[in-house]
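Below you will find the structure I want to go over with you.
Order of writing sets the labels: A, B and C. Residues in every chain begin at 1.
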Amino acid sequence: MHAQLDVSGLHKVYEGSGRHVEAVRDLTFTVDAGELVCLVGPSGCGKTTLLKCMGGLLTPTAGEVLLGGRKVSGPPPGMAFVFQEYGRSLFPWMRVGENVELPLKQKDLSKARRRELVADALESVGLTEAAGAYPWQLSGGMQQRVAIARALAYEPEVLLMDEPFAAVDAQTRADLEDLVRGLWRERGITILFVTHDIDEAVYLGERVVVLSASPTVVQEQLKVDLPVERDQLHTRVSPRFAELRTHVYEQIQAAKRGTLPVQDRLTPSDTPPLR
Amino acid sequence: MRRALIRLLFVVALPAVLLSVWWLASDGSTNVFWPPLRTILRTFPDVWTAHRFTTDVVPSILRLTAGYATAAVVGVALGTVIGSYRRVRAVCEPVLEFLRAVPPPVLVPVIMLFAGIGDTMKIVVITSGCVWPVLLNTVEGVRAVDPVMKETALSYGITGAARLRTLVLRSASPQIFTGLRQALSIGIILMVISEMFAGTDGLGYTVVQFQRSFAVPDMWTGILVLGMLGFLLSVVFQVVERRVLGWYHGLRAAARRTP
Amino acid sequence: MRGLNTALGAAGLAAFLALGEVVPRVGIVKEAYFPPTSRIASAFWDELQDGAFWSALDDTLTGWALGLAIAVGAGIVVGVLLSVVPYLREATASTIEFLRPIPSVALIPLAVLLYGTELRSVLLLVVYASFWQILIQVLYGVQDVDPVAEETARSYGLGTWARVRHVLWPSALPYVMTGVRLAAAVALILTITAELVIGAPGLGATIMVAQTSQAVPEMYALIVVTGLLGLLINVGARTVERRALAWHQSVRGEVAV
C-alpha cells in the first residue's frame, strides 16, 4: 500500500541571471490517505517552493513527488490548490458560482452534475447565498471560503493549502480553521496545510512536519496527540496544546539558528516527552 | 423628485444657453461663413434626406465598421501572441514602437498607391491605422496577467483555448478596451479623410463637396452630422464597455473603498 | 537580460529592414509601389540635404508645438476653473460629453473656408483635438484628490488659490502629465492631417506632393521622418512624465479617454 503522497529526496535550485539559489535541499516525507498534515517552518524557508513542486507547478531539480503512487509531472487532476492570495486567485470577472464551476468545466461532467457540485461546495463553506456575487464584493475571509469551495467542488484526493489564512484577520482565521477541520472530518480528503503560524499548525494538524531554514530539510516530524474533537476555546488552553506548541517553537528557533537540539531530536512520527 | 429635476437642469441648462447664444448671435448674420443657425437648421432636412443617408452615411459607417472590426480582431490576436512570449515581444518591440508612432493619416497616400481609391483602400487605411493602439494595449494587458491567477489556472488544468477565453483575454480586457477607444477616434479621422481624398460618396466626400461649392449652410449641416456620428459612436462604445467591463469598474471602486 | 532584449530588438529591427529590401526585390510587391529599404534610405539622405525638407519639418514642428501649448494651457485653466467653482463641473458635464467625441476632422471644411492653408487652419484642428485630452485628465485628476487632504487644507483656512496650488495641483499633476503625453501624440496626428488634407505647408503637404508626382521613394522617406518624429515625441513625453512623477508613489491605471 502506497502513501497517498510521497515526497522523496526533493531538491530545488533556482538558476537565473548568474545566481544560484538552493531553496530546498533534501526533503523526504509521506502523507497517508485521509491525513491532515501541517507543514510549518521559519519564514522564507521554501515552503511555497515545496508546495509548488508537489502541485506540479514547479519542476524539482532532483527527487520526485508521487501522488497515489504516480509521479507528479505537471498539475495532477487529483490535486487542488488553495493559495494565500485569495484576492488574486479568484477571477474578478466571474461571479462566485462561475469561479467555483470553472475548473469543473475541464472535467468531463454533465451540466447538472457540475451545478450539483457547485451548490454542494458553496453550502459546505456557508456561502450558498453569495453564488451570484462577484468576489470583490465579499470580505477577505469570504473570498478565501470561495477559494476553498472551488477546491472542494473539484473533488480532489489531496488538497494543498499554501498559508491560506495568512492575510485574514484573527477572528475570521479561527472560523476558517474550524471550517477546514470540519471539512476534513466530513469528507475524508487528504490535506497538506502549509503555515508559518505554530499555533495554527498544532491546532489543525494530526501531524506537524517542521522544516528547517532554507535550504530546507525536514527538521522534525511530530504526531499531534490532541483529541480529534477540537475547538478554539478548550483545545488552545489545554496543557498538551501548550506543550506541543512550545516544542514546535523550540524546534523552529533551532531551525533558524541552523542547529538541531540534540536532546530533542526525535525519530519521525514520535511524540515529545511529557515534561 | 426635486433632486431629479435639479440634475436634469444641470444636464440641459448649459447646452440650452449655448444654443440660444449661437442662435441669437448668428441671427441676421451676413457673414457668408457663419450663416444664422436658423438657416442651418432649415437646410438640414433638405440636405440629409433618407436618400442621402443610404448613399453617403451608410457606406461611411460600413467602411468604418469593416476596418475597425478587422483591426480589433487582428490587433487582439497578434497582441495576444506577442504578449504571451517574452522573446517574441523583445524582437517585435522596437518595430512596433516605430509603426505605432507613424501618424496614421500618412497611410492614406501609401495605401492609395496599392489599393486605388475604392472601398478596399478606405477599409485598409482604417484597419492599418486602428490596429496599433489595439495591438500594443493588448500586449501590455496580456503581459500583465497576474501570476497567481496563471498558477491557479494551471493547477486546475485550465489550459489552451479555455485559458485564453477565461483568463488571458478577460484579464487583459481593460487594456484592450483602452486600445479600442483610442482606435475608435483614429478610425473616425481616417474614415473622414480617406473620403475627402478620394471618393464618390461618404460623409467626408459630401462635406468637402459642400465646402468646395461654397454651399456653406449645407457644409455646416455636414459638420453637425459628423459631430453627431462621433457622439453616437462614443455612446455605443460606452454602453458596450460598461457591459463588458462592469466587473472591472466594480473592482476598482471596491479597491478604492478599502485601500 | 537587458542586453539580450536590446540584441533581440535590434535583430527584429534588422529583420524588418531586410524584409523591406527583399520583398520588392523579388517582386512580391511592385517596386514602383514599395521601393526597397536601400532606395528609401538614399531618398532619406537626399531629403536631409534639401533646404525645403528642413523648412517643411520646421512648419510641422511649429504647428505641433504651438497647438499643443495652447491646448495644454487652455485645458489646465479650464479644468481647474471647472473644478474650483461650485456647480460648474456638474453644469458643464453634459456639454463636455457631447463636444469631446466630435471628430476634429469635421472642422476641416470650416478651417479651409476661414483660414485656407494658413497656420491657423492647422491650429484649429490641433487645439480642438488635444484640448479634450488635457481637460479630461485634469478633471479626473482633481476628482482623485484625497478628500482628507482637501479637508485638512480647508480646516487650516487655506484660501482657494492656496488650495489649488498646494493640494489640488500636486494631486492632479500625474494625470495632467498623462494628458500631455496623449495630447502630444494626438497633436502630431492632427498637424500631419491638416497638412495632408488642407495643404498647409509642412511634412504632410510634402508627402502629398511626392505622392502626386510619383516620387515614391521620397514619399516613403518622408513617412519614415514622420514616424521618427512620432517616436521622439512619444519617448520624450514618457521620459518627462516619469521624471515629473518620480515622487509620486501611487499606482495609477491610465484613464481611458
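By definition in this document, contacts are C-beta pairs under 8 Å (C-beta built on N, C-alpha and C of every residue); 3 or more make two chains touch, one makes a residue touch a chain.
None of the values given here were measured: they were computed from a predicted structure.
Chain closest to the overall centre, judged by the mean of its C-alpha atoms against the mean of all protein C-alpha atoms: B.
Highest inter-chain contact count (C-beta pairs) belongs to B-C. Chain centres here are C-alpha means, and the one lying farthest from chain A is C. Between the Cα centres of chain A and chain B there is a gap of 49 Å.
Chain centres here are Cα means. That of chain B falls 17 Å from that of chain C.
Inter-chain centre distance (chain A to chain C, centres taken as mean C-alpha positions): 53 Å.
Residue ranges of chain A in contact with chain B, taken from their complex: 52, 55-57, 75, 77, 79-81, 83, 85, 88-89, 91-94, 102-103, 105-106, 134, 136-137, 150, 154.
Partner chain B is touched in their complex by these residues of chain C: 4-5, 8-13, 15-16, 29, 33-34, 87, 90-95, 98, 100-110, 112-114, 188-189, 191-193, 196-197, 204, 207-208, 211, 216, 219-220, 222-223, 226-231, 233-234, 253-254, 256-257. On chain B, the positions that touch chain C within their shared complex are 10-15, 18, 33, 87, 90-95, 97-106, 108-110, 112-114, 174, 177-178, 181, 185-186, 188-189, 192-193, 196-197, 204, 207-208, 210-211, 216, 219-220, 222-223, 226-227, 229-231, 233-234, 252.
By the touch criterion stated above, chain B contacts chain A in their complex at residues 146, 148-149, 151-152, 154-158, 162, 166-167, 170-171, 173, 247-248, 250-251, 254-255.
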